[in-house]
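Each of the next two complexes has chain A plus one other chain: chain B in the first, chain C in the second.
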Partner chain A sequence: MSEFLQHLVNMLVLGGTYALLGIGLTLIFGIMNVVNFTHGVLYTFGAYIMFIVVQQLGLNFFLALPVAVLAGWLLGAAIELTLLRPLRGSDIDTTMLVMIGAWIAMQSGALWIWGGVAKSVTTPFPEAPLVLGPVSVSWLRLFVLAAAALLILVTYLLINRTSLGRAMRATFQDHDTAALMGVNVDMIYTSTFAIGSSLAAAAGALLGPVYVIFPQMGDLAAVKAFAIVILGGLGNITGAVIGGFILALAEELGAGYVSSGYRDAMGFLIIIAVLIFKPTGLFARAERVG
Partner chain B sequence: MTRALGLVRTIALTTALVGGAAGAQTIKIGVNEPLTGAFAASGTYVVNGAKIAADEINAKGGVLGKKIELVIEDNKSNPTEAAAVAEKLITSDKVPVLMGAWGSSLTLAVMPKLMEYETPMVVETSSSGKITTTGNPFIFRISPPSAVEAAAFKGIVDKLALKKVDFLVINNDWGRGTAEDFSKMMKEKGIAIGLVETMDQGAQDMSAQLSKIKSSDSETVIVTTAVDQLTLIFKQAAALGLKKRIITTGGSQNPDQIIAQAGAAANGTMHLTTFLPWFPDKTPNPEATNYFITEWKKRGFEFAGCTESFRGYDGIRTVAAAIEKAGKAEPAAIKAAFWDINIKGLNGDIVFRKSGPEGKESGQSQPNVYLIEINDGKVGMKTL
Partner chain C sequence: MRAIITILLVAALASVPLWLRDPYLLNALITTGIFVIGAMSLNLLLGFTGQLSLGHIAFFGIGAYVSALTSLGFDVGLPGDLRLVHAPWPPIAGFVLAILVAGLCGCFVGLLSFRVRGAYFVIVTISFAEVVRLVALNWVELTQGPLALTNIPSIALPLPGFGEMTLRTKMHNYYLVLVVALIAYLLIARLVHSHFGRAMRGLMENETLAVSVGIDVTRTLTIAAVISAAIAGAAGSLYAHYIRIIDPEVFAFINTVTMVIMVISGGKGSLAGPVVGGLIFGLLPVALRPVMAPEAQWIAYGGVLMAILFVLPRGIVPSLAQRFSRRRSNAPALAPVALTETGAKEPA
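Moving on, here comes the complex of A and B:
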């Protein structure tokens, strides 16, 4: 029983960051219809910003987080303005190839700048964990969970309670009509991509100090983000949050009670099942066709 | 304008020719190591150790009157890439001999290429038993196979009063081979084997496996993986309140890095290593060890990397000795010469003995294995 409780706690902590990774990607896909292959690199970028600010500049850990989010926002906006805007209206394959190119170029850039050897970030949290009866969890991970929850809440409010959010939702439903109603669709696209990117960078900035930081760290994260998005339904933010926790649960219980060798396979088995039985995602609402 | 272009072309051509001629005066050694991916830290250390050996040899006049040149390629911690890199080094760079490929799965992937192109390779790190038992006569290994590690550890299991042991190993030939060889040895000693948990080489979160181990009824965990994953395991084990004795194997732990990154969590842990940079006087070749450590520090590398990098140093010196003995830089001659060399490595004499099926034996030297313990953030020796 105590082992099961520990697995549940691990799941909560892991799920929070998975959710953060998933919503950034699903937001961009839902609104812009762009498969963002640079999502993983933006995650890596956020982690390296933490490394630069905390380890190289010696500044405060908590100050580094907003810096990473802002840097992710700016890099995302730059990618949108230079790569995606000129390609507006081209087919999804072209955009996808350009994004794959950008992913490879940026990852090689990270390798060129920082080298392949993993870096780590020191945190202000105590080494000793918080122990609650049979379960224990590190303070750093609790902080990461809290920060992830806060970011998810902010994103949710931004989309559902602000005029920018209303314009984003309108563009998501029908961008021609939104444009006719006076929504600046170009601006919405840039903002969406920048917000999605800053969420990826935030996830990297939060998880970089938990693990280690290296140029390819985003690859596995991106694969998981795609899995979460498929699980939750493309463009569905609530679905991505729940999908993040489902993936974490599947991994924890799969590794704990089935076989740790197949830990990363568990999530993908679920996805195969979802694609076969409910291809629009677990939480898809009825949608107008055509 | 045309004349200027012509001039540029002539200069370029001359440079290329001179460069090419200079190239022919060196003896190339292919180095196939993971410089990116899961084993980047370890592979980079090995390459830096190899460079120290190459510089030392060249400063003393090189081999057969020529300078040696390391052709270093990154196998990206990926077996497919490791095989491709070996092919590239042999066919395009025309190296007569290789050193590589750090991980067991990487080395095993390279081995068919060695057969195909009949080119020998010194294996400096890999520990899977399969490497020297499958009948590949182009393999010359200077690192200990996991069965040798297990045998060395056998002497101390009584003193440690082990009763039941869990394993947490990297999910590849290295980790699974170690779990197999150590389980076999321990069963002979009457020690019970509990869980055998695995982790993907790129995995960063081992909390699920560690939670499971935390709830088991064993008192000791044997952990096999490289340094980056190890430090994560120590941190995550501490965060989960896992209070079992941890013993690591494989010689790629870099204990000082564990102390630096895992802090108090590292105390009381034991590590099977193949080099003693903390106690140069206790190594089989103190003079060479001191030279190597001084040179390593002089180049500004972290001391922690010594336990890994010495293998690159020994590997290149082994290759150079074989080329010298062969009298020419040709694969067949070098392969034959490996059987006749006897050099003083930093971890014992490097002399190859036959291993594997008759007629196509691989070479295996018999390096030392040491058990060290971390206490109060310091490395101490445990006598085996």
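Moving on, here comes the complex of A and C:
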């Protein structure tokens, strides 16, 4: 039983960052209809920003997170403006392949700049974990959960309480009508991609110090993000949050009770199962077949 | 005219080992040839049915593992104290089994994943490939996991009256790959120009219309997936017996991307497209190797992929064919050119 409780605690910590990844991708996928293969690279990028700010510049750990968010925002906006805007109107396969090209180029760029050796980040938190009865959790992971929860809340308010968010939701529903109503759809697309990218970078900056940082770390993160989006339904932020926690739970239970080698298979199995048995996602309204 | 060009091209390809003495280049040509076969099989799905399968390397890898395990033998425990023991068979049996098993997997994956279209189809196919990779990595008893299957025997051809001929040298393997590639090319060409091929292209252009004239969409797509997977399995088997060592990295997503790049750059929906694109991208690393660090090569790879999609979105062969036929305006444009144009659109 205590083992199960420990899995639940781990699930909460992982689920928060997975939710961040998922929200970022579901916004991009839902609003722009772009299968964003650079999402994982942005995750890696955020982690390396953390490494640069903390290890190489020697600045404060807590300062590094906003820097990573900002850097992710800028890189996302740059990708959107240079690659996606010229391809507006081309079919989904073409943009998908261009994003794959960008992913390969950027990941190899990271490998070129920082090398393949895994990097770690020293954190200001005490080594000893917080012990609560049968479960223990490290202070770093608690901070990760709190920061993720804060970012999710901010994103939720941004989408639901601001005029930018209203324009984004209108574009998601019908971009032609939104454009007729005076929404600058191009600007919305750039903002969406930038916000989604900054969330991926934030997730990387948060999980980077928990694990280690290496150029290919984003590949699995991207797949997990796709699994979360498919679970939660396209463009559905609440769905992405719930999907993030479901995936984290599946991974924890899979690693704990099946085999740790298959931890990363959970995301793929969820994708296959959901698309075969309930292709609209668990919480979606939108039609996706055809 | 076209027949003469074709014969000359094949003769030129067949003559390569006679004058090319550099083993490194010959090796690059053999592995490129194997990937060209994979790209041709991918083109059958991507170019002629319009389905972008990004899990294609799964069938290649399954073919490689099936062929390797058939010729090496294995002894694995199954649930319930059962043991599955297999004594080594000749590699040629592995080649045949690789084709059959990969085709069977293509049937299974096709039946499951053709329920969804567009981006979701792409993601399902990626997921299948990754699950297969994780199984290959974790089922150590069968696959040796990351330790790799080693000492895979070379393919031996039974020659009636002469015993066996083991294809051990690069020259042998070059001709083996060339022959399999030609068979695959002719098979795909025949298929595409058959009644079935018209059904495939019909549903690529307009699925709703295809259904209304009585084309069974799932059946057509699944048959295409089976043939495509079987050819990819054959390529994987050739790879296993040529390289003679297989590890789960064969399933790496980048290998699928390589095939996709070959098809897209050469021209999807054109028979010669994957061959042209395959030769360019298979040999590009050879050309770049002296001038660039490996990481920089991959950056260039990604950059070239993006550049092709921006500059020549329909691929090299269709663009050239169109230019050629425009110059001789009495000749009609090649059919696949028009098809890729309309086929690129998603049904609303």
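Observations on the structure shown:
The working rule: the second predicted complex is superposed on the first by the 284 of 290 C-alpha atoms of A that agree within 3 Å, B and C clash if a C-alpha of one lies under 4 Å from a C-alpha of the other, contacts with A are read in each partner's own complex, and residues count from 1 in each chain.
In the analysis below, a contact is a pair of C-beta atoms (placed from the backbone, for glycine too) under 8 Å apart; a residue touches a chain by one contact, two chains touch by 3 or more.
Since the model is a prediction, treat every value here as computed from it, not as a measurement.
Once the two complexes are laid over each other on the shared chain, residue contacts for A:T162 go to neither chain B nor chain C. Using the contact criterion defined above for the overlaid structures, shared-chain residue A:N184 touches neither chain B nor chain C, since it reaches no partner. By the touch criterion defined above, A:L111 lies against chain B and chain C together after alignment on the C-alpha atoms of chain A. Once the two complexes are laid over each other on the shared chain, residue contacts for A:Y211 go to chain B alone; chain C is not touched. Once chain A of one complex is fitted onto chain A of the other, the partner contacts of A:Q173 are absent, as it touches neither chain B nor chain C.
Within the superposed three-chain model, A:W103 lies in touch with chain C and out of touch with chain B [touch as defined at top].
Contacts of A:S120 after superposition on the shared chain: chain B is touched, whereas chain C is not. When the two structures are aligned on the shared chain, A:D264 is found in touch with chain B and with chain C.
Of the two partner chains placed around the shared chain by superposition, chain B is the only one that A:P129 touches, whereas chain C remains out of contact. The contact surfaces that chain B and chain C form on chain A in the two complexes overlap at residues 111, 259, 261, 264.
Partner chain C is touched in their complex by these residues of chain A: 29, 33, 35, 83, 86-87, 90-94, 96-98, 100-109, 111-112, 219, 223, 226, 230, 259, 261-262, 264-265, 267-269, 271-272, 275-276, 279, 288-290. Residues of chain B touching chain A in their complex: 35-37, 40-41, 44, 74, 171, 197-200, 202-205, 207-209, 211-212, 214-215, 228, 231-232, 235, 238-241, 261, 263-265. The touching residues of chain A, counted against chain B in their complex, run 2-3, 6-7, 10, 14, 111, 115-118, 120, 127-129, 131, 136-138, 140-141, 211-212, 214-217, 220, 251-252, 254-256, 259-261, 263-264. Per the touch definition, chain C reaches chain A in the complex via residues 52, 112-113, 115-120, 122-124, 126-128, 130-131, 134-135, 137-138, 207, 253-254, 257, 260, 264, 293, 295-299, 301-306, 309-310, 313, 344-347.
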